[in-house]
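Shared between the two complexes below is chain A, which pairs with chain B and chain C, respectively.
Take a look at the complex of A and B:
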């Protein structure tokens, strides 16, 4: 990876340069929380922010998206063009970039590349920024606290400067034209290592580190714990809505009032919704909250790992805050920690 | 919002048929947007039972029709615009090109509408999707096919494929169970086969009437007097969820290997491409990893049975 250093004072110039050519999306303050939104001035963004309440997936997989239009009388597709604006996401945390990398594995799988997702992904540049973990963060447990790819630029805050990892030509050219990137000095490297160690040391030690969680998910698949956890689930789908890696969707048709034409669209869906696994004729493969919550956790902490060698959780902690029933991966980790303690005292 | 930015925009286009700018092959057209259904005409409708019909479709676009090739056990996504899409397993044999047969039970809104459609009507089809039965691998072996109820729909594709390449297989045994005689599908075909020496056919019903002269009892009943060369046999099972364990137990008792028993699973495959999540079983997707799994794979999937 190519590294250069820029002064912190140059950052607004970089943002302005992107704004010449792209819509710039960045973290902004809304009430007491932070969200990603399009900005009009570099000073609108807040780069020292805790995790945003909603993730970045809406820019690649909108909550609702038209896939095609159709003529219902002839039962054939009609003309439809999706045009995606060129966009820069400025100030994404490592967990969120890692989440997008996981979405890439699903939507650009090489067999069935999703043209809508790919168009958005190709039209988007990502500028990452280093962060300080909040209490609900556990990205380090899943090896998601560093973004190794999936961005165009990554800014490491090293005091009054940024160490910039440069990944794409497109972003390199803009960086070059807007700022005065210079070679990193020994002092820059020392400061970078200090910053990294500071971040690594500031994670909440109360969240248990259970590295064999995937195996335990299989071993305790029938445990009463899932009933305890699942019976609390309100099926509100808030977890899936805020999750940066939840990608499930439903496909639906909507007709115009005259019934002559319509659109086929997709909307976010969640495996915790009661009818999610129902088939024609009414049989439901996961009728109980216990089964649905367990499936969601299992897919995240075991299933996706089995297929893609990484978990479908980046430890961003959004669900920890969003779930009204206190159901989240941290509860699963705490359960396994308790199991371990029980076993130790029994032995 | 008008596009004010100067970097290149990315576009996705869905064009109606006949307005293609560049000539692409059928496979390229289908891959360009795998969500896009291709128009197909209903060319034949046969009533099978009071609630099931066999539809024959022909894809209208020649390039698409040519590119459409399936394996026994695969499925398509059938579209009626304004109503939606449904995953339906292909009942016709891959050995016959140019048309697709789907056996559909009237069971919900989508199938209600489909059942009102007539020959000549247009539907949309995309696919085929999924992993079917390992037909090539099965060649040279004895075959034991067990279907329960509507499970005959995907298995018929395999049965007819075996029929069309009969000399490639050893002994072929078919067990097909229904609740009662009026629910037996493809009865004409099976009635004819009953007298053939190259198929051991057991039609069984739970509740016979006076017209019934086949077997009586559950689909596992014929196993009592079944003689198998288990080590050289492939089993294939499809039926309602409750049936699998019992049939597979019988196959295992006869000595058929774990990974020689293939089952086709039912889930709601909404996208068909391993994305929407609706058909997940444990860590697998029914739509891309299945719908046909061997029993060893199935045992390793949490929640498969």
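Take a look at the complex of A and C:
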């Protein structure tokens, strides 16, 4: 890995340089929260933003995406071109980069690649930025507070400068042409260590740090806790919509108004949706909220780990805010903490 | 009652376009009118069907034979109830359009203690009112094959349902609620500043149109079959919204829903 330092004042130059060749999306203020959106000027973005309300997955797995078109009269596949603009995501937090790395494991690095996802992923550069954890952040519990790969540049805020980790030639060339990157000094390294410690000390201490979560998920599989959690699920799928790693989708067809042409598209789906596990013949494998909520938490905190050696949850805390019924992984951690305390007092 | 006799098969395949009637019960006729707002596609849509009767534009009697009945409005009289049953007996597919037909809608607002109401309005109930019965949605009386929700309908949604009736479809109606649409749209949640919104329990599908325009959901799409009213009331309290206001708001479009009738009495 190559490290260089640039002045904070140079940042708009870097963004402008990207704008010459790419669509730049960055965090902007919208309503009461922040969202990633295309910007036209560097000053439109807000880099010291708390977690955005929705994640970056929309740029790789859009909420609705046409996969093919067909002629409904001849029943043959028609021409369809996927348009993928070259894009830079500027200002992604480490948790969100780690989330994209997990999506890569599913859509890009598996046995069968998803061509739509890969086309978007390959056309996208990612510039990460360090952050200060909000109250609902728990990325450090899943080792997702640091992005080790999956970005082109990563900017560590060290006061009036940024320590830039460089991991792609494409981005390095633009950095080189737009800014005046210099070698890191001892003072830069000291400031970087201080910034890292400040971040680590800023996490909400109220969120329990539980060891062996995946194992505990199995141990308490039949606990009444899941009924308590599941019975209040609103079946709205807000959790999955904001989750940076929920990647399930449904396939649907739609005809043009004249009924002659059709399109097949995919839309985000969610295992918390009551119909998700309904199969041909009408049987539903997870008819109850208890089963659905438990299944979702299992995939996040147990199942994915078994197959991919890391938690699917990155601790971004979006569901903590999005779920009006107060169902989220923090509640699961609190439950395990309570169980531990109960066991200790019983012993 | 939502079981369909079509079982995913459309009404086409008889060597002629599907014969369609559009009929209306208690409503403002706005959803029928809304169909014409598909404007540049209207001829494309009409080209796929044989529109044999349209109440909005037609004074001649409805023909005896047809394939699809598009029905707007809530059922509020005995006469309407028997007309609806007759429509069902003749139609291979019924499409209910708009809140009034799907949820009881605005006419359904007065369904509680209904029989006391006419005399509160009229000293002598006019003969023209017919023999009034408690307002109810189309699905409370006959099986409905397809529904186009909301007040008013989105004409494109209607065309999708019409095509499903013609060409066949085994697509399930979504049980998601509106909240997930707001998350996709990345709009701020009303509850975060203590404002009531019925998105918690209302069927998704409209794309959270009102919220996108800065107004909370009033529930015109009707309750999701998976609506969790008890939990929604707790959500309200958690965000400083009076749960009684939530129940009151439900009366606007969802008064005749058994889940609402049962739960807040």
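The definition used in the following text is that the second predicted complex is superposed on the first by the 346 of 347 C-alpha atoms of A that agree within 3 Å, B and C clash if a C-alpha of one lies under 4 Å from a C-alpha of the other, contacts with A are read in each partner's own complex, and residues count from 1 in each chain.
Here is the rule we use: a residue touches a chain if its C-beta (ideal position, glycine included) is under 8 Å from a C-beta of that chain, and two chains touch if they have at least 3 such contacts.
Only a predicted model underlies this, so the values are computations on that prediction, with no experimental measurement involved.
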- Can A:247 be said to touch chain B (first), chain C (second), both, or neither? first
- Message: Applying the document's definition of touch, where does A:14 land relative to chain B and chain C: first, second, both, or neither?
- Response: neither
- Regarding the shared-chain residue A:54, is it in contact with chain B (first), chain C (second), both, or neither? second
- Looking at the overlay, what does A:77 touch: chain B (first), chain C (second), both, or neither? first
- Please name the chain, chain B or chain C, that touches the greater number of residues in chain A. B
- Which partner does A:35 contact after superposing on A: first (chain B), second (chain C), both, neither? second
- Item | Touched partner set for A:119, first chain B, second chain C, both or neither | first
- Which superposed partner A:273 touches (first chain B, second chain C, both, neither): second
- Query: Of the partners chain B and chain C, which touch A:106 in the superposed model: first, second, both, neither?
  - Reply: first
- Message: Once chain A of both complexes is superposed, is A:259 in touch with chain B (first), chain C (second), both, or neither?
- Response: both
- Hey, what residues of chain A end up touching chain B and chain C alike? 72, 252, 255, 259, 278
- Give every residue of chain C touching chain A within the complex, in rising order. 38, 41, 44-45, 47-48, 156, 159-160, 163, 166-167, 171-172, 174-180, 182-184, 186-189, 191-193, 199-201, 204, 224-228, 230-232, 234-235, 238-239
- Mind listing the chain B positions that touch chain A in their complex? 1, 3, 5-17, 19, 31-37, 39, 79-86, 105, 107-108, 110-111, 121-124, 241, 266-268, 270-271, 273-278, 280-284, 288, 302-303
- Note on the structure: In the complex, chain A touches chain B at residues 20-23, 67-72, 74-86, 106-107, 109, 111-116, 118-120, 122-123, 170, 218, 221, 247-253, 255, 259, 262, 264, 266, 269, 271, 276-281, 283, 285-286, 291, 295, 298-299, 302-304, 306-307
- Message: Quick check: in the complex, which residue numbers of chain A touch chain C?
- Response: 30-33, 35, 52-54, 63, 72, 231-238, 240-242, 252, 254-259, 268, 270, 273-275, 278, 289, 322, 324-326
